[in-house]
Structures are given as C-alpha cells and as structure tokens.
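Here come two complexes built around subunit A, the first alongside subunit B, the second alongside subunit C.
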Partner chain A sequence: MQLTPAQHDALSEIANIGASRSAKQLSMLLDDEIHLSVPEVAIVSVAELPGAIGVAVTDDVACVYQDMSGCLTGKARLIFHTHESRMLVQMLVGSVHVLSGISMQIYEHEAMKELGNIIISVCISTMTDMLGKETRLAIPMYCEGVFEEIIEEDSGNAGVLVMKTALTAGRRGISGALIVTLSLPDIIDLLKSLDNFLAGCADQQETK
Partner chain B sequence: MQQKTILVVDDSATSRLLFRAHLPGNFPYVVHEADNLDGAMEEAVSVRPEVVVLDYNMPGQSGVEIARAMLKAGINARFVLFTANTQKFVLDEAAEAGFVAVIEKPVTREKINDMLEKVSQCN
Partner chain C sequence: MTALPYQEIINHLPVGVLVVDEMRKICCWNAWLADYTSIDGKEAAGRTLEELFPGHDNSRFAFALEQVLKSKSPQIMSQALNRYLIPIRIPNMERHGVSMMQQTVTLEHLADDGGRGYALVSIMNVTENVVRSAALTELAHKLQHDSNRDHLTMLYNRRFMWEWLVQQIKQSNRHDHQVACLMLDLDNFKSINDRYGHKEGDAVLRGFAGIVDEHLRKSDILVRYGGEEFVVLMPQCDIEAAIAAAWRTVRGVREAAIGSLAPGQVTCSIGISVYDPGNPRTGEELLKEADKRLYEAKNSGKDQVVPGSA
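Let's turn to the complex of A and B:
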C-alpha cells in the first residue's frame, strides 16, 4: 500500500514529534543526551519488513510489544538488535548494584519493558492525539528471539506501519524501529484520518 | 508601511501547514516558508525576516546550525526553536545561539501567542 506524498509527510512529522518526545523522556531516565535521526516511515507488508527496518530474518532481536485496541487494533513493537538492547539496558542500569535474589536477566527484561513502554506509549499517543483518536495500550511484554519467529504471528496481517529512527546516547549509537502491525481496515482508517487531519489544517488556514 | 515577515523553516510540509493553521487572528507577520538550509538562506536574504522559526531535527543541519549560518551571513532576526525535542542540551544549545523562544510541538494558537509575547519583549 502506497502512501501519498502528503500522507507520508504527515506521518513523518507525527513520528518526528513522537520520537522527539520519547527522546526527552529517555534523556531524563538515562541522564544523558539523546540525539535522534529524522525518523523514516513507511507502510510495508510483513514480507518487506526486514528490509524496511534493516534486519535479517535470522538476526537475534529484542522486542518490547504492547497490544493495542481502539482506533488502532493490533500490536506495537519496538525492535532492537539484541546487542543494542543490552547497551540500552547498561545505560539505564549503569553500575547500579542489583539486589541479591533478582536475576540479572529478569532485571534486564524489566528495564527493557520500561524503556519500551515509554517509547511506544509516547509515539502511539502522539499519533492518536494528533489525529483526534483514542487507542488503549495493554501492558508491555518483552521477548527475545530470531526476527522471523517474532513476527511470525503477523504473517496474516495486511500491513505494518514502520517508524525507524536511530538514537545516539553518549558515544553509543543505537538503532531501533517501532513497528505497528495493523489489519487492512485499520490501515485504510488510519490513512483516512491522516487525510482528514490534513484537510482540517488546510481549512483552518483558509478561514484566516 | 512594509509588513513584517516571519520565516518558518521546517522540512515537513505538514508542520508548516500546522503552524499556519494555528496562527492567531491579526497575526502581525507575513509568513514565508523554507524546507532546508539553502531555501532558508535564500528566503532570509530576500525577505529579511524579523523572526525565523526553526525546526530542530532536520536532515543535514539542525535548526540551531541553520540559525548560526544565518547569523554569520548577517541575517539579523529573532530566532525561535520549533521542536518536540525539548531536552536540556537542545534548549541550552539554542539559548547559546541566541534563540529567544521555543514553540514545543505540536503547535497550538496559545503557543504561538506566547512566542509573540517573548519576541515582542526582545524588541
């Protein structure tokens, strides 16, 4: 499914605002400067997804995901290469002493869920707020595995909205992608909402 | 009397449209637009804007870098940052470059009015 240039520009701006807000939250959490690349957005099929986010189907990835309901029904996933997710966790945890009795692995997973929840919530809420819609997010879940296994359950879905951005914290560069898997009716609805949003802005401008 | 001008520099056409859509009534400036450094420099030299509103996160140069290039080229304007990325280092960088106000995205009419108030205090 192709985005029109206006839809692409509108989605890019919404992604840029969402990613920038997430970066601010992350910078407070990590106590570090977060530099962002301009997000790349696209709507692709599940088969095109690896190319769109720069992973191979056999790559090991870490994924925080949240089920969505409301105007967007599907799944929002934040995906990093596993080694990059470790870097993120290390930045969050630093040299903090982990309480005895809690395994480091559980601690890392909890940290990733927290980071993922911030990024997913801020990006999805920015998008739905700007479009005047509502989407509820379930609690964040975490998994690790081979990319193709992680997205296997999406193979029946119509399309995936991809927002890809690279963030640099301190001297460490980390590239992550937020992917939102949607059914065909939801994609059509999202594109209609974008068109209405743009038409509303244009009308508002003309009445001045 | 020649009307005052404001130049909005943002790579996103949607963002520029949103800015125009939220302009308050009797907005005291004529709005010009650019989507990159070259276009911004060209417009700035041509219309000599009183105010330049710059997005931060743009391909190539950040808004602060564009402002620095404009200052170097002798564009004597009030600079306003237009971004959702209000991390401390971004705001510090802007303040250091002489920016007088920040409009946090998404833009609203109230935020534009606040910006006008801050800009007028600098005159």
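Let's turn to the complex of A and C:
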C-alpha cells in the first residue's frame, strides 16, 4: 500500500513531532542531550518489513511493545538490534557494565522498557490525538529474540506503519524503528483520517 | 458478584497504591504507603505529592501523569532510570550502599462512572533486587577478572592471552597491521630459587613483571606464560619497534634491583616473532617461533635479544 506524497509528508511531520517530544522527555529524564532524527515513514507489508527497517529476519533484536486497542487495534513495537540496545542502555544508564556472555540484567530491561514506553506512547498519542483516533495502549513489555519470531504473529496482518529513526546520545547514534502493525481496515481508516487531517489543514490555510 | 471491600483489599496489597485525580490531587493512599511514609490516608487526601514531600519536583512523574491523564497511555518509571518516586529512607540497607527505597512505578488510567479520569500509581519496592543484582554483578566481575589473571604476579594468564590473540590476529588481518610477540625468560631462575628460596624467587617474579611493564605501551599486554616465562604481545608493532622495546626491557631488568637482589643479579633473554597479515599463520605458530628465538638467545649466552623474521 503506497502513501500519496501528501499523506507521506503529513505522517512524517506527525512522526517528527512525536520524536521531538520523546527526545525532550528523554533528555530531561537522563539529564543529557538526546536527539531523535526525523523519522523515515512508510506503510509496508509484513514481508517487506525487514528491508524497510534494515534488519535481516535472522537478526537478534530487542523489542519493547505495547498492545493497542480502541480506534486502532494492533501492536506498537520499538525495535533495536540486540547489541545496539545494550550499547543504548550503557549510554543511558552510564554505570551499567554489561559483561560479555552474561545476558542483560532485569533492571537493564526495565530501563529499555521505560525508554520504549516514552517513545511509543508519545509517538502514538501524538498521532492519534492529531488524527482524532482515540487509542489505548497496554502496559509496555520487553522481549529479545530473532526478528522473524518476534513478528511471527503479525503474518496475518495487512500492514505495518514504519517510523525509522536514529537516537543519538553523546556522540554515538543508535538506529531503531517504531513499527505499528495494523489490520487492513485500520490502515484504510488511518489513511482516511490522514486525508481528513490534510483537508482540515487546507481549510485552515484558506481561512487565513 | 459479591461486593468486595476494595479499600480493604488495597490496604492489604504488598505494594504502594495511590490514585491521583485530574488536578494531581491524591484521592487514595493505601496502608503500605501510610506505613512507609508515616503519612496516613486522611493527611494525604486532597494534596499533591509536591505538597506532601516538599522539594519533590519530579518532572518525569509530571510528564508520566500527563500522558496517563490526557492520552490514557500507561507509563512505567524504572528503578534503573529514576531510582525512586516517593522518598522513603531505609536505614537497614545503608550498609549495602543504598539509603533510599528503590522503586519501580507503574501509572495507569482509570475513569469513574462520570467519565472523570484518574491515574492509578503502583509502587513496588525493588531495593533487595537492586542490592542482590549489584552484589552478583560485582561477584561476576571479580570472577571474570580472577579467571584471566595469574595469582602471583596479577598479570594476564595464558587463558586470557589465547582469547586476546585470536581477536588481535583478526584485527591485524582486517586493518593490515603487524603484531609483535616477545617471549621472555628469566636467566638462571632455578639457581635464584635454590640459593635464596622460593619466597625470594616469587619476589623476583613479581619485581621482574613490574620492570617489564614499565617498558611497555598501554596497548601491549604482558602475560605470565608459565614458571619464569613471560609473553608480551604488542599490537600495531613492526620488527624494528619490537627489537627496540625488547632491548630496553633487557637493559631495564639488568640495571634494576629486583626483590632483595642487586642490579645485575637478575637478567633475562628475549625471543621475538612478528605476525604479518601478508604471511598469515596461527597464534600457536607465532608463539612457537618466539620460543625458538628465545632458546637461541639462551644458547648464545643469555641477557640478550634474538629477533625472528617479520
């Protein structure tokens, strides 16, 4: 499913507002300058997802996810390569020392969960508020595994909204992607809302 | 369904529970919180956390509340990033380096029949987990450190050397630089042991390790290979630089008082080999050549350096 150039621009802007708000909160929380790059947005099929976010199906990834219900039903996930998520935790928590061969500790998972929770909830609420689609998120969860296993349950779903971004703290950048898996009717509904949003923006400009 | 005494249930929960309304005022404060803060429910009701705990200016909590109340989006505040929400002193944990209760906090949206929104805040005490985790991490570090070290000299041991060398050879091939290997042996160590005893022998080994270390770069590693044999591995080092470093070491050892022995009583011999990515070989072959050169140095009168070919 292709986005029109106008839909693509509008989604990019919404995603960028969400990313900026998330970065602001993360910077305050961590007392460090955190930057999230302008997200690259797309709507792809589950099969196209690995290519869209630069992950091989056999790659080990770390994932924070929140189930969505309400106007949009599906799952929002923030995905990083596992080794990058460890670097990220070390960057963020600072004193945490990850031993080679020893898996991430529970409290490091908690840190990742909170970080993901901020990014997911801010981006999703920015999008749903602007598009008037009231959506509830469940408590965030964390998992690690092979990418294809993590997205296995999505194979029946029609589409994935992808927001790919890079998080920078200090001088290091970590690539991650927020992916929102939705059913075909929800995707169509989302695009309709996006068109309405664009029409509303055009009306506002005319009245000015 | 039977009407349950919810307030009583909340008071029996082993976690802190408070409910905050849209004005950020507390409208529920359970017994767990009352016990730990010495603030009872009546005192907490109708006040904000900032009013209950002056100086409690928590922007992360304010943001989380906003997300919950406005967007109905649940939030977690991890111990790793926030340490705690409610300041609760726990004197019995101070000996473990923790003076405040460590907390994991969850915020979720609630609505009453009239549609008014609330934030349900649950606080879990994770202090013991944090203390246990810190102790296990420290222990794991110590074990990892100890498993890589020789206990007498505290230098790296063979086990670490082989792991390091495998990685270094890969890097050498990738970046096309050489790795020098110096095999060192204390001359006449057996007679030092026989004449002065094992205690003095151990002091000589430790002192020798210290002198050699002074002549190395930060990137080099010094390994106790076994007995009185040592290995120095030098990344990004060609044969000329390795020979220069080896002679500096030989002279440094000869001129130093080591243990209770006077300068000149302790000397060493060194054999050198160099790994060249243009002529790949295994780490074992690299060590074998350095060992061969070392014995040439021994057979040529000791207290000297014999280099191999690059």
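Miscellaneous remarks
Throughout what follows, the second predicted complex is superposed on the first by the 198 of 208 C-alpha atoms of A that agree within 3 Å, B and C clash if a C-alpha of one lies under 4 Å from a C-alpha of the other, contacts with A are read in each partner's own complex, and residues count from 1 in each chain.
Everything below uses one rule, namely that a contact is a pair of C-beta atoms (placed from the backbone, for glycine too) under 8 Å apart; a residue touches a chain by one contact, two chains touch by 3 or more.
Bear in mind that the values here come from a model prediction, so they are computed numbers and not experimental data.
Of the two partner chains placed around the shared chain by superposition, subunit C is the only one that A:Leu29 touches, whereas subunit B remains out of contact.
With both structures placed on the common chain, the touch criterion links A:Ala138 to subunit C but leaves subunit B unconnected.
After overlaying the two complexes on the shared chain, residue contacts for A:Ser125 are found with subunit C alone; subunit B is out of touch. Look at A:Asn117: by the touch rule set out above, it reaches subunit C but stays clear of subunit B. Shared-chain residue A:Glu108: touches subunit C; no touch with subunit B. The intersection of subunit A residues touching subunit B with those touching subunit C, taken from the two complexes, comprises 129. By the touch criterion given at the top, residues 59-60, 63, 67, 70-82, 104, 106, 108-109, 126, 129-130, 133, 137, 140-141, 144 of subunit C touch subunit A in their complex. Those residues of subunit B whose C-beta lies close enough to touch subunit A in the complex are 11-15, 17-18, 20-23, 25, 27, 56-59, 83-89, 105-106. Residues of subunit A that touch subunit C in their complex: 25, 28-30, 66, 92-93, 96-97, 99, 102, 105-108, 110-111, 113-115, 117-118, 121-122, 124-125, 128-129, 134, 136-140. Considering their complex, residues 6, 9-10, 12-14, 16-18, 20-21, 23-24, 27, 33-34, 36, 38, 126, 129-130, 198, 200-202, 204-205, 208 of subunit A touch subunit B.
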